[in-house]
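Just dropping this structure here.
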Amino acid sequence: MKKIAILCSGGDVSGMNAALKRFVEYAFDRGMQPCFVENGYEGLIDNQIHEAGYSDVAGIISIGGTKIHTSRSERFKEEAYRRKALENLRTHGIDGLVILGGDGSFKGMQKLADESGDIGFIGIPSTIDNDIAGTQYCLGVDTALNGIRVSIDAIRDTASSFGRAFVIEVMGRECGYLALVSALTSGAEMCLIPEIPYDLSVYKEDFLQQKKEGRSYFIAVVSEALKNSEEISRWFEEEIEVESRVTVLGHVQRGGIPTVHDRLMAFHFVTTGIDALLGGTKSAVVCYNNGTFVCKPIEKVAFKKYYIDEDLLKLGREFESPQHKQV
Amino acid sequence: MKKIAILCSGGDVSGMNAALKRFVEYAFDRGMQPCFVENGYEGLIDNQIHEAGYSDVAGIISIGGTKIHTSRSERFKEEAYRRKALENLRTHGIDGLVILGGDGSFKGMQKLADESGDIGFIGIPSTIDNDIAGTQYCLGVDTALNGIRVSIDAIRDTASSFGRAFVIEVMGRECGYLALVSALTSGAEMCLIPEIPYDLSVYKEDFLQQKKEGRSYFIAVVSEALKNSEEISRWFEEEIEVESRVTVLGHVQRGGIPTVHDRLMAFHFVTTGIDALLGGTKSAVVCYNNGTFVCKPIEKVAFKKYYIDEDLLKLGREFESPQHKQV
Amino acid sequence: MKKIAILCSGGDVSGMNAALKRFVEYAFDRGMQPCFVENGYEGLIDNQIHEAGYSDVAGIISIGGTKIHTSRSERFKEEAYRRKALENLRTHGIDGLVILGGDGSFKGMQKLADESGDIGFIGIPSTIDNDIAGTQYCLGVDTALNGIRVSIDAIRDTASSFGRAFVIEVMGRECGYLALVSALTSGAEMCLIPEIPYDLSVYKEDFLQQKKEGRSYFIAVVSEALKNSEEISRWFEEEIEVESRVTVLGHVQRGGIPTVHDRLMAFHFVTTGIDALLGGTKSAVVCYNNGTFVCKPIEKVAFKKYYIDEDLLKLGREFESPQHKQV
Amino acid sequence: MKKIAILCSGGDVSGMNAALKRFVEYAFDRGMQPCFVENGYEGLIDNQIHEAGYSDVAGIISIGGTKIHTSRSERFKEEAYRRKALENLRTHGIDGLVILGGDGSFKGMQKLADESGDIGFIGIPSTIDNDIAGTQYCLGVDTALNGIRVSIDAIRDTASSFGRAFVIEVMGRECGYLALVSALTSGAEMCLIPEIPYDLSVYKEDFLQQKKEGRSYFIAVVSEALKNSEEISRWFEEEIEVESRVTVLGHVQRGGIPTVHDRLMAFHFVTTGIDALLGGTKSAVVCYNNGTFVCKPIEKVAFKKYYIDEDLLKLGREFESPQHKQV
């Protein structure tokens, strides 16, 4: 291999810049010329490809988002544009491409791999939703979780001072991972996610009892998947009789200075990915499971449903138990 | 004076705990017994008053919100309940009361002072909205501003990576102070506040020109007073033709670890307030202007309209100038 | 089991409070009365033991250090005092004790277990040094790493502005884990730890070449184990001819608001530990390896040497390769 | 005026980048071409001068340090080199120069102004030490104070958990401002600065009494000016009989993400400075006093002694009063 490239696709996450830095340095270490594709698959189609050097990645390790930009591409769904993309890669003499993205991006990558033959493609799971089957961890999750934590810690200050309920809506598309971990680690009183059925009447009995014993505020963490934040807020006002507010954390969760964990995961993901390309892999996604990084064929990752770890779900189910009281 | 008390009223702010700590320590320094009134005017009516000691304020200086809780009180608008409140103060032998709150709380305080005669009352402006006439600074503002900054810095990561507009709605009730300072100090491209008339067609011309020159994202900071975040977001999609998202920062802005500035301002506010009580002041609000803390009669504070500093407004008016481009 | 207790021993770490919270709640969930031993083994000897309730752990999840205090105990090395400790546990009717600490504390625990027979003892690895054999993770490490990251990011600002070398001395006792991960994830130019032999002449050649190409500053992360920070700083001044400063990060690394990871690890460690006690374990340490929590006999943990993960060491060895240039 | 330039001199501070951004934007607003001088007076001598545009300041507002680098220059003390510097300015057609620096830099500036005649020179006080006479605020101080606060909050976690004294040495050269404000706002038990005489025997009596009443830890904030951190640490061990550690905060204090206050102060400083240049000022320093920014002749700033505000000193003197107890 002489030249390898990297691009970011779909939603950006913190840690992508650390991945770019590692990509450039490790490519040079292994005797290859690293290249950047700007602007995701859109840039791949439009030939926004250039060689990258050490100075392109200087100082970016501590910055959120991605320096080479990302995009969603409608055009990439059409074979004609993918053909253009492949041509661009070949013109630049690029033998391998690393793609940071989610499962939508990996599906596009798979088509490209099927249509290519000679070029290698490696996906690196990158989404704060942590909803990609086949890997326990996706780049960006730890930074998102710590951003949410700071927000909930701040809201708790005001909730406890003022005697209110706060319903905090957390990202995650169809997956309750972010909401569940955030609820557990911020000491929330309620956690509602799609993976765990809940019964408001159980909560009601418990909360009214707690109110009687002196509790004046409640923090509820609710997954955006349930689309019921406003409804839960009304429930607090009507059934528990406390004033209630909804806070939708929104895109604040996406950015922020990458944590050490995301920087380190970026290093391992990229190193494993480049090693796979050098080993001849033509199409795979780097997955992290139980301390190990392995490359899996894309159909084990992008076309399957993601399940939250059972130990974590078990912790989540305790939210409904009437003994679960945090004053 | 033998005994003085303190209470928090209305919305909580970061720095209230630093004020409580200073209150206890400075009261002892001046030979008085400090007391806490829990739960604002509600607690004053219900006699939730107790003596406070050093251990009550240990370790609270770095915690947001208020340890003695706050409330809004409907009952306090009725004379009968205020009479009850005065009786409670007298029963405890309290000669002076310090009230952390906004102008609504000061109006209630004024009535109490008028009806009392013997007890002294001191208000300390405490609201992140920074909308109290007569003082340039209200406790909690600096912490709120820095919380907003962290959020906007994070959103900028994702906006610049993904080529989007973000409309960020910032608190402040009828006052644009928080939004204006946040926009200036986060390098936003647009700032809309009630104090400055704006013309979207001027922005449109400028933004379309910038797009042509390569800009792919925009950050707009909008005051909640304008109630038009969704409308501005549609404007970006329709007129500027960039994808746009609204983020309502919400109650995250209220809490958080108090900054050094808020801790120090709390010290000065409380020290000035206690000195005034000892000097015989019967009713006043501690105001900060141009580096000096002075006590002003309440009618100069709570019954007037607040105006943002003219130098700051001047900076804000530059947002609309077509030269104002940040790539 | 009717009653179980918890204590903290040796250096405190962030995440201990989350462990206390989980301990209280999970004990109640499983029908037991939780107890706190204040002040480590010293408090166990002196009978500083009391029942704990929900209100004891309210709001502590986001606070560093440990609410029940910790200590190092010389007395605990003497059998007479350990006998006293056992008596105290029996008097309170305590059937199981969870100990948050390092390997020194576990050795003490083992003696207690040998001398007891009826009471169960569970250790939870808690040290920012991450130097306990048998477990890949010790409570507090992630918070320490992120604290170090913030410090190095700040120093990089000034180093790059001013054209200097900074030698940053990082904790870890005999173990280079903290230094290695910090160097990797902060983009340091040099990393010296006891586990990896180094050759300053290789660095010299590389750094002088980089200087020629325009680099003006260097960040070196050095493990405290090597005791050579001042020497390395002189080396920069004399051999590389850049002004150099040493910064010893010190105890700032120990504290700070616990990260999400440490809060979640605390939950899993404590849950596994209590389950083991309920399952009849008499003496074990909860270890985390490759995504799984298991209880190991103490001699597999406290009497062995710790080795840094080989993948990580491999990344660390790249520091000396002449290609490793970050501008 | 057609062209104005800016440079950074001496130690860097957080907020310099916000100043650069404002400089570029406001210069364009006022119809001038902004220029950057890289590397301080050294770059001025070596003609490292270039025109700056919007893209040079994009995204730098939230980054510590200075993008255009800073230096200390020995050569600048010689007239021959200053003549070279003036020639470079004239060659580029630069009519005004803004200098971010401390009083040493302003003295150099004064000489340049005396030798020039036609070019205008404006100094902006920039040092975390806050030790420049004539201005109550220097750029960078608020960020430094908040960085110190985070460190002390973290150390307090471990101090209170472990029952120790911590002597924290804070920057400030000959000025105790940073140490005093840090001690006050972090609830330290002891504060030693050159501006306030102290008597260790008073502290001793107080601390021993507090120990008797249950206090187990002490935080002492000591100015680097006193050069006695180790001595004070020994004093704690010998006289108060608590284990004690010294932490020298070091260059961590210099950098970090600029706070809102420093970003806003940077805006006002630069705006006032450019307005003065346009108004025909030939040599002055922008000073902030009691809410107002004014330009002062350099001899009122750089050749005088700085005094800490009397109100603040008064608060500082309370440290020694025996009533001052924080548990």
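By written order: A, B, C and D. Residues from 1 in each chain.
Rule of thumb we're sticking to: a contact is a pair of C-beta atoms (placed from the backbone, for glycine too) under 8 Å apart; a residue touches a chain by one contact, two chains touch by 3 or more.
Not measured: the values here are computed from a predicted model.
Shared contact partners of chain B and chain C, listed by label, are A, D. Centroid analysis (C-alpha atoms only) places B farthest from chain C. Computed centre separation for the pair chain A/chain B is 35 angstrom, with centres defined by C-alpha atoms. For this pair, chain A with chain C, the centres built from the Cα atoms lie 27 Å apart.
In terms of their C-alpha centroids, the spacing between chain A and chain D amounts to 40 Å.
Among the residues of chain B, those in touch with two or more other chains are 153, 156, 160. Chain pairs that touch one another, listed by label: A-B, A-C, B-D, C-D. Partner chain D is touched in their complex by these residues of chain B: 18, 21, 25, 28-29, 54-55, 57-59, 61-62, 136, 142, 145-146, 148-149, 153, 156, 160, 181-182, 184-187, 257, 259-261, 263-264, 267-268, 271, 289-292, 311, 315, 318, 321, 323-327. Note for the complex: chain A touches chain B at residues 8, 11-12, 14, 16, 63-66, 69-71, 147, 150-151, 153-163, 166, 216, 245-252, 254-256.
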